[in-house]
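Below, chain A partners chain B and then partners chain C, in two separate complexes.
This part shows the complex of A and B:
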């Protein structure tokens, strides 16, 4: 590799601003926003109907808006776990191959900027777009809650809401980076979109099943386990497998942050529960500590995907 | 940049080589482009012109040889090269949903121009390529020729030392080609060196000060069109005449200095001579009782030179 001179970030801001303007003005983004908005409001609305009748004493009434599930609609949290990847893929699947197909790539790379700047500018523009969408959605939910429940959120609820935004962004960033990786690998946007969506389906629908089957294959059911239930090893193994999916990491993080009574995200021993009052909420700091590994995992995933995209892109011929 | 650098050649490449899967696409070529000249990189499709250009810009790594472009090595310092070189790629594309002005604004900002400087340069460049009236229309509405001109505007806007234009006239009608070549001459007037690649030898030969003829990754001939003609056509001075008279072919062949006579029918003849023999020709035809309608000195076409070169003993290689 040749020695390089000049800053890697030259031009990054320019790319960022252009891509951000493109995203915010694009028809594709409009469609995705409506999709998120309608599903989100649907889920929250039913949650509000539930909450009105049941818990008026709940100290975390607002957080229930996110976690309350009402058949047949899933909770807002679950909806997000499903929809954030869709939006992120929509923003990233043609990031790089689009430039090749429009034949703008060689013109851009003939300017004094490194390829990193292009990739990074595009990534952060996608991330900022996601952030804009998430924050507006979040404000909307708080607004709906205020109007329909008639109580303002507490300070801690707002802070937990902020943490929720950060976690969601990390999760979205992971799918965005993955979609961009696909856009680097595949020249045809349709192929790129399809492979990213395929992975999304694998991770959100098939992986939970697969991890159970795999565990059962490795820890076969015997007479003994039928009596005692699954062994500790088996539970841990299945959980490790499940956590290979970013969806699991995201769901666990949101559970930890939005449901303060969550005390652990894995198997719990009786000794650990000594002195704990069941159902009592954890303080915010403790909740954050609890989900820290999951969040770190998500961020590590973002970095791995981005670096992979960078390496493949760096080796690519400029001419289409 | 020092005064010394200013006078040096803009492009100096020695033994430049690029292999794709072991096959040489560019095979040890030497190139020199002087400051302020228009240099033609000519040859058929697949000869290695685009590959050479990509290496000059540092967009593809070479497998051997040394390059200096605008005083920098594109392999080691691509950003420095890109700051001083404008590039119009083969089949250039723009963001169709943006206006021409916005398209240029983006690359202007990427190339490090300040906002104000960019605006004046963009307006200037768009006016020079005669797109000022449609500058705020979406590029989606542009014809092929307009896109090509917009690409040229981008190169002008950069005020580079060297403009590299890859097949700028391909896909253009004769009128659009003529206009574009005229604008390319404008670059030279600004003392910008131009490297222009084309597979249409005849079309661009008129604007080129010097040319390099490519074939299978090698530069087979290099120099001014006149030099190449002398080298390949044997120092011939070509004349075309339109005349009638008794036994003209024999008469023409008998004039001292005439090397070859070709009868192209309809009373037209092409002659190759060692020197300017137009005066003798006229006298001889009139003297023999014939009549001379037309007598032209013809610039040999690059196509002829190229074909001739390969029909000769070089072709077998």
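This part shows the complex of A and C:
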């Protein structure tokens, strides 16, 4: 095993540009983007219809575009929480094993491109594709809001919208890194896709239920808890379990950013709320501070997944 | 048969025995001893001022005559005078009283202006086909009683402070022979607000009608200016009607009162604080009253687990018009959730004098955990670098 030499980014740029071009031109990407676009626009359109009938004053009207849910459709925020992983998995599930299957891997690595540069280039290309899709979708929504609501967004709304983009990108990056890890581990793209999608279903659908059952197993229901409700420890434990899922982290982050009156994401004692002026928006800095642990979790998750993919990839035999 | 007849005779006798003594008494009520027409009045001699008109109430009584038309007429009306018979409010010239009944009439006499003395007799005559009656009425021209008002204050001296609304009750009696409209006036020191009301009323009034010989309970409400110095202040009230006046004067003893006021410095009612960290809040304590405030203690009612200390937290005395800067150290609970909170700061002196200010505290949480988050990301990156170092490049 040779010691590393040269820049980390040697060849990374080339891989990045090529992959980006491939992604943006691929039919798979087009289908996924249409899916996101249509559901997103649908959710936002119904939200606008709702907002038009509300007469109460709201300093964060544009943020309501993201959070307002009209009955048959979930809110735009919930749609994204569901669809971003799908797009990310779609972009990453055959990143490495696809090269093997096309027998192009050894050809690429014959070039002066290191494996980490290849992996990083592919990852950043996926992330950039995701970013392009998200930014255009975000701009579309703001534009739609401008046309249909007729009021410009305030500076803080734009800032919060930007923070929303960053958090969404971190969330997408986590699923992208996970999909790439699967693509490194499994040689067959179908297995890779299935395992990534399975994990996604587990985290988004089953994990909230599982965390509840696990909590109930550890803190069994007694006569007392039936009367007084769950104990503080129980709530904290269940929330901790739920936060192992990136979906929970993403949902909580968006709640903190897009609903400025959110003051806390965990259980709050009544004594902590004494004298509090409820419903008052927090300044942006405080909102960011509130969701910072969640965002940290997402970013750290991205890095850990990427490192895992890197380690597995480094240990693989390419010349097969 | 005989027996039955005997019984019936008995019964008839008994009936006669009972009824006979009763019927004469009954007849005495129903039929008077006299018979004919009468004109009567309570006061056949009246006094009037020249130019005034006076009305005499007269009854036309019919005793035991069949109802018939009775023509009415007035005689002896001096030149320049006017007399008119009124029945039911309208001029009439005949009346028709039923048997043993009467008709109410009134004779209105207008006296000419300028007459000062003398007595005239005006006769009212009633004449029907079978009877006639007459009543002479003496009208004396003279001076009527002058209007006279009597004013009595119930409590001529009241004690209170500058915030008290003083209520002086008084009684006005109309001791003249006619109804008067009584007007009120009050003289109070400059800046005092006075208003007259009925004793149990709330509507402000400026005059009130009082019937002849009656009296009314009234009150005058006096509101001193809030910045008035402690002293005795007189209030004079005067009631007047036509040419009569009456006055009385009352005294308000105003004792000084302190009036504390606490507020943020320069009127600021908001501040910012970091959870778990003491931050200063500048307050101003002032006494806007007219007497020194004693034993002032400054307290706060913050949310649970918050700490507030004051320098000074006790003030022995603060003179009227004086100001004092108070520095508060506000420490939100370390577990406080970010956001806005209301905290009440209160200054209270002796005698229930207190003031409070609600100050909005914007609590922000420490950025320490944000730095910890950055640290965690840095550790994750270090792991990445470590992995690269461990596995090298291929």
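Note that the second predicted complex is superposed on the first by the 313 of 320 C-alpha atoms of A that agree within 3 Å, B and C clash if a C-alpha of one lies under 4 Å from a C-alpha of the other, contacts with A are read in each partner's own complex, and residues count from 1 in each chain.
Here is the rule we go by: a residue touches a chain if its C-beta (ideal position, glycine included) is under 8 Å from a C-beta of that chain, and two chains touch if they have at least 3 such contacts.
All values reported here derive from a predicted model rather than from experimental measurement.
In the three-chain model built by superposing on chain A, chain B fits alongside chain C with no clash. When the two structures are aligned on the shared chain, A:299 is found in touch with chain C, with no touch to chain B.
By the touch criterion defined above, A:234 lies against neither chain B nor chain C after alignment on the C-alpha atoms of chain A. Of the two partner chains placed by the overlay, only chain B lies in contact with A:104; chain C stays clear of it.
In the superposition on chain A, contact is made by A:283 with chain C only, not with chain B. Of the two partner chains placed by the overlay, only chain B lies in contact with A:18; chain C stays clear of it. Once chain A of one complex is fitted onto chain A of the other, the partner contacts of A:114 extend to both chain B and chain C.
Of the two partner chains placed by the overlay, only chain C lies in contact with A:310; chain B stays clear of it. After superposing the two complexes on chain A, the angle subtended at the C-alpha centre of chain A by the centres of chain B and chain C comes to 170 degrees, rounded to the nearest 10. Put simply, more of the residues of chain A are touched by C, taking chain B and chain C as the two choices.
Between chain B and chain C, the minimal CA-CA distance in the chain A superposition rounds to 7 Å. For the contact definition in use here, the residues of chain A common to its chain B contact set and its chain C contact set are 2-3, 5, 109, 114, 318. On the chain A side of its complex with chain C, the touching residues are 1-5, 8, 109, 114-116, 263-264, 268-269, 271-277, 280, 282-283, 285-286, 289-290, 292-293, 295-296, 299-300, 303-304, 306-307, 310-311, 314-315, 318. On chain C, the positions that touch chain A within their shared complex are 302-305, 333, 335-343, 360, 362, 364-365, 367, 369-370, 373-374, 376-377, 379-381, 383-384, 387-389, 391-394. The residues of chain A lying in touch with chain B in their complex are 2-3, 5-6, 10-11, 14-15, 18, 22, 102-104, 106-114, 317-319. Residue ranges on chain B touching chain A, taken from their complex, read 50, 54, 57, 59-61, 75-77, 79-80, 82-83, 85-87, 89-97, 106-107, 109-112, 151, 154.
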